[in-house]
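Look for chain A in each of the two complexes below; its partner is chain B in the first and chain C in the second.
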Partner chain A sequence: MIESLALILASSLRLATPLMFAGLGEYMAEKAGMINISIEGMMLAGAFSAILGATVTGSPVLGLVFGILAGVMIAFVHATFSYRLTVNTYVVGLTLNLLVLGLTSFLLDTLDLADSQLSKFEIPFLSDLPLVGQAVFNQRWPAYLLWILIPTVWFVMYRTRWGLDMRAIGENPAAVDATGINVLKRQRQGLLLAGAFSGLGGAYLSVAEVGLFNQNMTAARGYVVIAAVIFGGWTIKGTIAGCLLFGAADAMRLALPALGFTLNAQLLIASPYILALVALVVFARRSRAPAAYGRPFVRGLT
Partner chain B sequence: MPARWVGVMSTIGLYALSIAVALGLAGVLVSLTGASPLDAVQAIFQGSLSDASALGLTLDKAAPLLIVAVGTCVATSAGLFSIGQEGQVVIGATVGATVAIYLHGPGPLVLIVTLFGAALGGAAWAAVAALLFYWRGVPVVISTLLLIYIAYQVVFYAVTQPWFLMETGRNVAAPQSDQIRPDAWLPRIGEYPGLNFSLMVVIAVVLAIGTKVVLDRTTWGFRLRMLGLNRNAARRAGVSAVLLGSGALMISGAFAGLAGGALLTGGNHRLQPGISENVGWDGLLVALVARNNPVVAIPVAFFFGVLRAGGGFLASTGVPRYIVDVVTAILVLAVVFPPAYQYLRREARARRLARSLAKAGGSA
Partner chain C sequence: MQMSTPKAGAPAHNAGAPAAVELRGITKRYGSIVVCDDVRLTVHRGEIHGLLGQNGAGKSTLVKILIGLAQRDAGEILLEGRTVDISDPLAAADLGIAMVHQHFSLVEELTVWENVTLGEAGRPDARRTRDLVRDIGLRYGLDVDPDARVEDLSTGERQRVEIIKCLRRDPSLLILDEPTSVLTLAESRELFTVLRHVAQGEGKTVILISHKLDEILSATDHVTIMRSGRIVAQRATAATDERELAREMVGRELSKWVAASALGDSDALIDPSLSTDPAMLSPVEPIHEDEFPVRLRIHEARVSRDGRPLLQGLSLDLRAGEILGLAGVEGNGQQVLGDLLSSLVELDSGTVEMDGVALATGRPGVMHMAGIGVIPEDRHASGCVLDMSVAENLVMSTVESVARRGFVSRKAIRANAERLIEQFEIATPSPDTPMRQLSGGNQQKVVLARELSLNPRVLVAAYPTRGLDVGAIEYMTERLHDAAASGIAVLLISTELEEILTLSHHIAVIHRGSIVGQMRRVDVDAERLGLMMGGQVV
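So, the complex of A and B:
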């Protein structure tokens, strides 16, 4: 029992890690009032480019860098269309997702991609801990970046001028604009950062966790990440908890039949989305959402 | 040349340029595979327009897209941006399949009830989003998006449960429902092997024109557009945002559900998890490209139908059919770019003018 528990724990964490990377980026974007639909495309592009980069350069580490750059590239296109020009952000995000899905599927059929995987890094002693040791302290090494990135994101959002600007934009963009800060520019920057994090998440999925790229590899995980941020009530803690929960739901789906439990698989797959909807119903009126959540900023009278 | 013409010409030029860039990018991608872009275009033409049966296929592919797009136009006119059409299509198909399989009676009656059921199913799925929006303020974009992925699981659940819709003589590898009765299939117009297409094509076009008339020429349509253009003004004028808005969302859902019913009774004839074939997503794109004008959506949907029908033919040239999705997406971006660019330029010009005026005022 303990053994299978440890296994489920390990696989939950493994499945949650890409979500957590992307979740940090989505958290920053949502704090600035943006619902970044194109996160799915960013992750998928990251996953594909990581394997592509690893194939071209022969190094999975450089693949990771390729993945991040791909995420930033998608973010750049989205930011240019929606936050420099004024095309509806959902239109652009959605189109980009379809574009990336088509493009990666197309290129996967066209190019020869090699398998490539980053190594595991076992932290001595800690990995011998019962139950959690193997799960937490014996992972593909980029997973440990989270230990640095989570506090960094907190610091940036809550202890820097830039973070304050971002959070203020999420609450009242007109007021921020009136103080002379370029709202759209900040939102573009936030989107680029979200792209970098999501690209990293996607790259982790392909080049660290699985070691190859499949057609539609992220399979709507990006939307799960959006759900996780909402479920987490727009806090970093909550976002991470949401990602872990949804990772666990994913792990359960794989593990339960093997353990002899019969829980409906469809219910488990749908659970992140259902939970997110429930969370929205509970939270949406509790003013925990940024006040200008999902509303585009247009200078002028409101 | 009068100034007005310069403006029109530059608009046309901008559209032409950005569409040319989009097609150029697509051409580069096709060259990557070693095939010639011209061959690819020819393959798409052959699969979609070259003869009567290909044209029929194109029309069949375009009809559900058009229905979804027309529904989207209704919701967008009310200022509600729903992106959940894909889920509503799937739920529509599921409800339709349930009706078609369990309802006994004369074939045409079953068909009509099936289509009605499908529309109701889609409307009900959209009603969830409307309820969450007006009751708890949940953004429509997010709720409809999440509901898509719940809908996918609902249909999968339906076709894997023996008591519900699972195929008798089970086949676990590819779950699907039983075939619906042939006398409840959508009738086809025209003759085989000449031009023939599903009745849904006619229904789609009638719906598009009818919706355009309703939106432009009726009080209800006027109120709807008023709500979309200015919520506050609409409220002052006594328009109920809740009733009208949720009505528009549900109508949009009903159209999407009907498209699902059309896919079921006119195409697959049985419920499969992948029955929607992204019709919901592409229908949404059709509405976007048509700038929420149901009549403009007719040629746009036809064009998307050409791409879809031709895409199947592409494989023979060694170009993966995914190129069609890429071209579709790039074209959408190419079409939304020019107006946004012109808006930005107008803004910049106005700002420059204001600045120079301010400077002139300061020196005087």
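So, the complex of A and C:
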């Protein structure tokens, strides 16, 4: 029993890791009032490019870098269209997601991609802890980056001027504009960062977690990330908790049949998404969203 | 001291010392409308200068030019005797001009010190900024906790933060736009004490925009009164009184507006004492009170939003067959009243009764079903659908009349449209023409036709002639009169005094969400009306 619990825990954390990377990025973007459904596209592009990069260079580490760059590239396109030319962000996001899905599926058939996987890194002693030892301290090494990234994101958002600007933009962009800060530029910057984080998340999924690329590999995880940020009430703690929860739901989907529970397979596959939906309905109204959440900023005084 | 040759037009105040601000012949046009016409204004260092005027008098535009949000078409701006060019708000800030806006520009989720430091460069320094907030607070009497979240503060405290934000840059000229519109009386008094200190203690210059007479009188040293883009009077505050200010603000010339709505043939019953005042020429026949029954009664209506009171015990009776004009400066609750009668707002307390029967507020369709027709304030936003045809717009609120079992009949829509187009003389190429292609006057006719075709018992007309040309204004005026004559109770909401004077039988004045006074049209005099609009109970 303990053993299977440890397994489920390990699998939960493994499945939550890509979500957490992307979640940190989306958290920063949403703090500045943006909702980026293109997170899905960024993650998928990241996942594909990581394997592509690993195949071309022969190094899964460089693959990770490729993945990040791919995420930034998608973000750049989105930012240019939505936060420079002010095209509706949902239209652009949806288009990008479809584009990336089609392109990666096509390229997957056309190109000959090699399998490539980053190694695990086992932290001595700690990994011997009962129950959590293997789950937390024996992971693919990029997962440990989270230990640095989470406090860094907090510091950036709450201790730097850039973070103050971002938080203020999410609440009252017109007021920020009036103080002479370029609102759209800040939003573009936030989106690029979200792209880097999501690209990393996607790359982790392919080049660290699985070791290869499948068609539509992210399977709507990008949307789950958005749900996690909302579920977390636009806090870092909450976002991470949301990602872990959705990761656990994903893990249960895999673990339950293995443990001998027979459930409707379709229902199982749908369960993380159903959970995300329920969480949104329950939590979205309870916590305080940024006041200008999802509203495009148009210059001009009231 | 050397004798300097005084510049033409510039009054010698502190002989030799240039004025803190001098405007020479500032003119601004939007299209063909002149909003500021050759404005000349001199404000001296250390004084609080009041800018008084009704909505649309040009006060706001003038100030926008000063802080770089609008560009002048002609004229010169001099600061301390130096000609300057203010191209954008940042340039204004560099020149030491700061403004406290009517609507706060604070980020509610952030703390006070975070708001104060927003827009600066370098790493945000919590300790330094907190100290700064406390220092300014001590120096000017603006007490506020730097670590409090803005959303937890009262409106008075928020305004203090707003002013601290301005004073932090140590401006030489501080402009306040209607600063007390959201404050309580006590908070307003506190504010004026601070302003007095800013002007006299710190030698800064303050320009205070207001339409409240008592404020101007108690807080300023000099006052400039604007009307229709022009400066009509400049006084030392000590040398004037409420009555004079009210008179100058409201004006007494016969406006083009009244001349245009040529209904002067029925003005036989005007009080002769008023006929000396041309603006008071009334085309409206007086109606004796109690002659008609009360149709709609609003009693002690209270509404607040986000803790800000919008209606504060407003009571109003609308009588059948009578036009009640609701005068007042914009933003005193007119919009909420309109929303209330469109079922868009729920009352916190109070009642709305139609012929003695209470109506549920805020429930979609209730007011409409009870027979209240509304010509909304903004016909493009809520009066009609610009991309649908005239015929479709005409049945918008009576779809049931042209539909059977959920299917609309195009034939019935067309028949209805043709009837109304003829009846209301709507100039349109065809009933199928999109609304967008009609002129403003004809769009308004469509809205009016639709609302009147429902045979309403009450008609609310909010700014019914806004943006219309002379002919259309005349048409609307006649139609509203006909509506009243046919027994409909008409509520006319407007900030155009002439419009109200021309149309109404009764006039009520709204101020800060309640009715401060009511009078019959024949009893109106400009002074009293001006006083009421300025918040004085007369």
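Keep this in mind: the second predicted complex is superposed on the first by the 274 of 302 C-alpha atoms of A that agree within 3 Å, B and C clash if a C-alpha of one lies under 4 Å from a C-alpha of the other, contacts with A are read in each partner's own complex, and residues count from 1 in each chain.
Keep this in mind: a residue touches a chain if its C-beta (ideal position, glycine included) is under 8 Å from a C-beta of that chain, and two chains touch if they have at least 3 such contacts.
This structure is a prediction, so every number in the text was calculated from the model and none was measured.
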item	value
Touching partner for A:Tyr90 - first (chain B), second (chain C), both, neither	first
Touching partner for A:Arg167 - first (chain B), second (chain C), both, neither	second
First (chain B), second (chain C), both or neither touched by A:Ser105	first
A:Ala114 touches, of chain B and chain C: first, second, both or neither?	neither
Partner chain in contact with A:Ala175 - chain B first, chain C second, else both or neither	second
Per-residue contact with chain A, leading partner among chain C and chain B	B
Touching partner for A:Pro290 - first (chain B), second (chain C), both, neither	second
First, second, both or neither for A:Ile37, with chain B first and chain C second	first
Contacting residues of chain A [partner chain B, same complex]	35, 37, 81, 84-88, 90-92, 94-96, 98-99, 101-103, 105-107, 109-110, 220, 223, 226-227, 230, 264, 266-267, 269-270, 273-274, 276-277, 280-281, 284-285, 293-294
Touching residues on chain B, where the partner in the complex is chain A	29, 32-33, 81, 83, 132, 136-139, 141-143, 145-147, 149-150, 152-154, 156-157, 160, 281, 284-285, 288, 320, 322-326, 328-330, 332-333, 336-337, 340-341, 343-344
Chain A residues within the chain C interface of the complex	159-161, 164-165, 167-168, 170-172, 174-176, 178-181, 288, 290-291, 301-302
Touch list for chain C against partner chain A, complex	69, 89-90, 93, 103, 105-110, 114, 117-124
